[in-house]
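Listed after this line are the structures, all set down as structure tokens.
In the two assemblies presented below, chain A is common to both, partnered first by chain B and then by chain C.
And then the complex of A and B:
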């Protein structure tokens, strides 16, 4: 990377400049970059200037390996202009640090999550392992509809149903050598492992789970809202958030959630009963069932 | 998608012009209005009349008194709405009323009026979900096609997106509604309820500068607000709190004025709302956002939402107080849409209910 700018940049900023944007999520921009020092003479750092086409980046995966460096995923919590600066600053710092902490705890407890590469909380940057694979949301019916090029969101998915009913429709899960049941059970088990480590994910959705292309393993991602808690309440709410996400993203797939719970129950053992009881409470609460004025 | 073809809208252009009368009274606003659907598919708002039950500062509105207010004003408001629309009740095609959700007593009094009108003039009744009314009104006024909807009012806080003939709730409050939180804080610091406590909080917040720390409680796409209310109330017990100080005139860093609290409360709550809306947009890949409901006419919220939408290359749609705050035409609009799809509420079923979720309604008129 021929550095033409004269203002001194922090190493994190240098890395960000060299990185390729992959997507803009809800709260952060996600980049792909290579941790290779820019002083090494080689133009090692990727110079692609893509504008966020995920598939493009994933297909170009090989260009990373030819450099013989594993890519990293950079999660950059850019300043939110709509938020008051002091609120934004403290939220960003707390979230980057919290995410790193939660990931670390998960890693130590053997939960399948991306590994940590580096942390810069003041810049709002977290570098983690790049997972090659696909989001679980895209692998389940109803989840891919937002990719519709018409950009109309989930509005007209009636036809999707018909398409899925056709026999020649290929189940995207085949590519990973995993059945839907296995996938659900992996989801339940990973969440249970995480909860046994007293980590609450805080934003469990099918978008926040990936299947690794190589191993077919499930990895939980995006610990942006994760925190540490031993409370049954928090674990129940965590499960409840996922139940809601299943319901709203994969409208016909609500029974799938029960197989998630089954696997969860198996791993949790005797701890399941309290969570189960609390989950029932949480479901009744918060106007989820009946909305009052 | 393979084998995919675009269907035409299930709602056909009408063979004649339709006139619908809408009656709303689920909270402290009594609204009536007439809406017209023309043969060319266009929609016109012919009248929009509203009367608000305003309580003294420090007091909220109680169900019984609110119902009484609605009963007292019903005839006047209905007459006004019909006259302003330069029509007569005889010419109407249907009478639409709020079936729920809302406060029981006011809902009942308005449903009673609707039933009476229906019997007197032999007009069909259409019961309407209040939230769907808000969404349809917002879509009509702004022309937003398929937005993520943030519905924020005194009784509801929901992030909604349309899918398969339902308005699905992606996120909502786990305890109290945004408007409720703001209104109750207005009561604590004794702000006037005229024209609305939320409006006065907004004006007060413009004078605030100091950001006090409040909990920031998002859970996935849901929010929790009751703890924030408790926390901001606690600041009024703080030694630094000066209820009479005018923020702009005092530069002493170590005091807290009511304006500061309003400012901090708005900044924190709205940041949370914008965040969950953004989360929903990212989740379903939509670029449009529509803000409806009484709190939706708060300009600071609209601004923040606009900035967020801009950052995402999207667009925000919002309406002003005429259509944001509860009104009769939104009921007429949503009611007429379902009436044209053949939905009617027979007299024996013309009840109302305090609990009526947005996603219970079959949205037959959309693709």
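And then the complex of A and C:
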């Protein structure tokens, strides 16, 4: 904003300048970026200048290098003007760290999540593996509507037109080689794996799940609200949040959600009963526990 | 040798030169030379340190090129932000690779050892520095091979041990060896990337 143009930009700011924005929310902006390039000397690369003009060098494919050239998804928690700068800094650092920690825990527990590729906590940047695919929300009926007021999952950007011909009744799931039932069961299984590792996602919705184009695997994304907990209550609320999300975004969601629960139950084994009981309680009272009494 | 460009960093960190040497037979001598260079004084010492100004990474603990590149990026970032935990960007690469916070352990495990047979030699510098491969060959006696050769060099047992992956559900449930290696690779890359915030 009012920052003077003479201060040299930090590496991460330069990186963000070269990145393409994917979506923006109140907490963070999401970019697609390349951390490194090959074919040095082939292209005149304008490096860092005071104004940070960086040409987006995209000669990766042509250089014939065998090194990794995959893009990354950058989640940038930009500075919030409404907070005191030192509070803002420590909150941002803590949140980046928290999200990275939750992702790593998931990876170690075998939950399908994107891998971490780059972290700059001082700048509020988390770089994760770019998933080529679509969010589950876009793949289910009703999900493509009003998509601009919601956070768009990575990879959705080019898919909008396609998703809008939903009236033609072409099931978008076909291209992934997955049936709707299989998809629901993958969702249930991944959530169960995550809960078995005592990780609570905190914001389970169909937009926070993606289907990978290459493998047809499901991946859970956006662990910004995730935390560690062994409490049945937290797991039940996690499921309840998803149930509400299903109900509000996809018509006739009851059979879909019950196949999610079926797969969840199968994976949880004997731990299911307590969660089931608690989920019923939560359904009656809502996600917040009464503070009275 | 491969050259990678990191345009986001200050000019003295933009170019990364990486070469993979196999059949290295002067590892012990090279290690002794590096140790000696640290204590030399005067212009002679500076020249020797410049000649050895590389990161020497034992290739058997590197699971993929991206693993090494991630460590290089994080080390470059620390150098650019003046938050290096070790003395140079090259030693910082070794520290970034190591799951623990102990610097001497990082150098012992991930750096060159007397028995190293395969080595990654890395130089992070400005794009104007020339004949880097020549200089690498001048120090390491071995054969330079394409980075993809790495697949045959990885000591997966040691990787699992050092990263404490033997008891992790993700590794135990892997369907086959290839899947297991892909999972381990993803976990170690993620650990390297997020090391700075793990505390």
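Throughout what follows, the second predicted complex is superposed on the first by the 211 of 293 C-alpha atoms of A that agree within 3 Å, B and C clash if a C-alpha of one lies under 4 Å from a C-alpha of the other, contacts with A are read in each partner's own complex, and residues count from 1 in each chain.
We take it that a contact is a pair of C-beta atoms (placed from the backbone, for glycine too) under 8 Å apart; a residue touches a chain by one contact, two chains touch by 3 or more.
Not measured: the values here are computed from a predicted model.
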| item | value |
| --- | --- |
| Partner chain(s) touched by A:179 [first = chain B, second = chain C, both, neither] | neither |
| Chain B versus chain C as contact partner of A:258, first or second or both or neither | neither |
| Which of chain B and chain C A:117 touches, first, second, both or neither | second |
| Which superposed partner A:82 touches (first chain B, second chain C, both, neither) | first |
| Which of chain B and chain C A:273 touches, first, second, both or neither | neither |
| First, second, both or neither for A:207, with chain B first and chain C second | first |
| Shared chain A contacts, counted only where both chain B and chain C touch the same residue | none |
| Chain A to chain B touching residues, read off their complex | 24-27, 80-84, 86-87, 91, 145-148, 151-160, 162-163, 166, 169, 202-205, 207, 225, 237, 241, 244-245, 248-249, 251, 285-288, 290-293 |
| Partner chain C, residues of chain A touching it in the complex | 8, 10-12, 14-15, 18, 35-41, 45, 47-48, 54, 57, 65-68, 70, 93, 96-97, 100-101, 103-104, 107-111, 115-122, 127, 129, 193, 197 |
| Of all residues in chain B, those that touch chain A in their complex | 1-7, 26-27, 100-103, 145-146, 148, 155-156, 161-165, 168-170, 172-175, 211, 216, 218-222, 267-268, 271, 274-275, 278-279, 281-287, 303-305, 307-308, 311-312, 354-358, 366-367 |
| Of chain C, residues touching chain A in the complex | 2-11, 14-16, 64-66, 69-70, 73-74, 76-77, 80-81, 127, 146-148, 165, 168-170, 173, 183, 186-187, 189-191, 193-194, 196-199 |
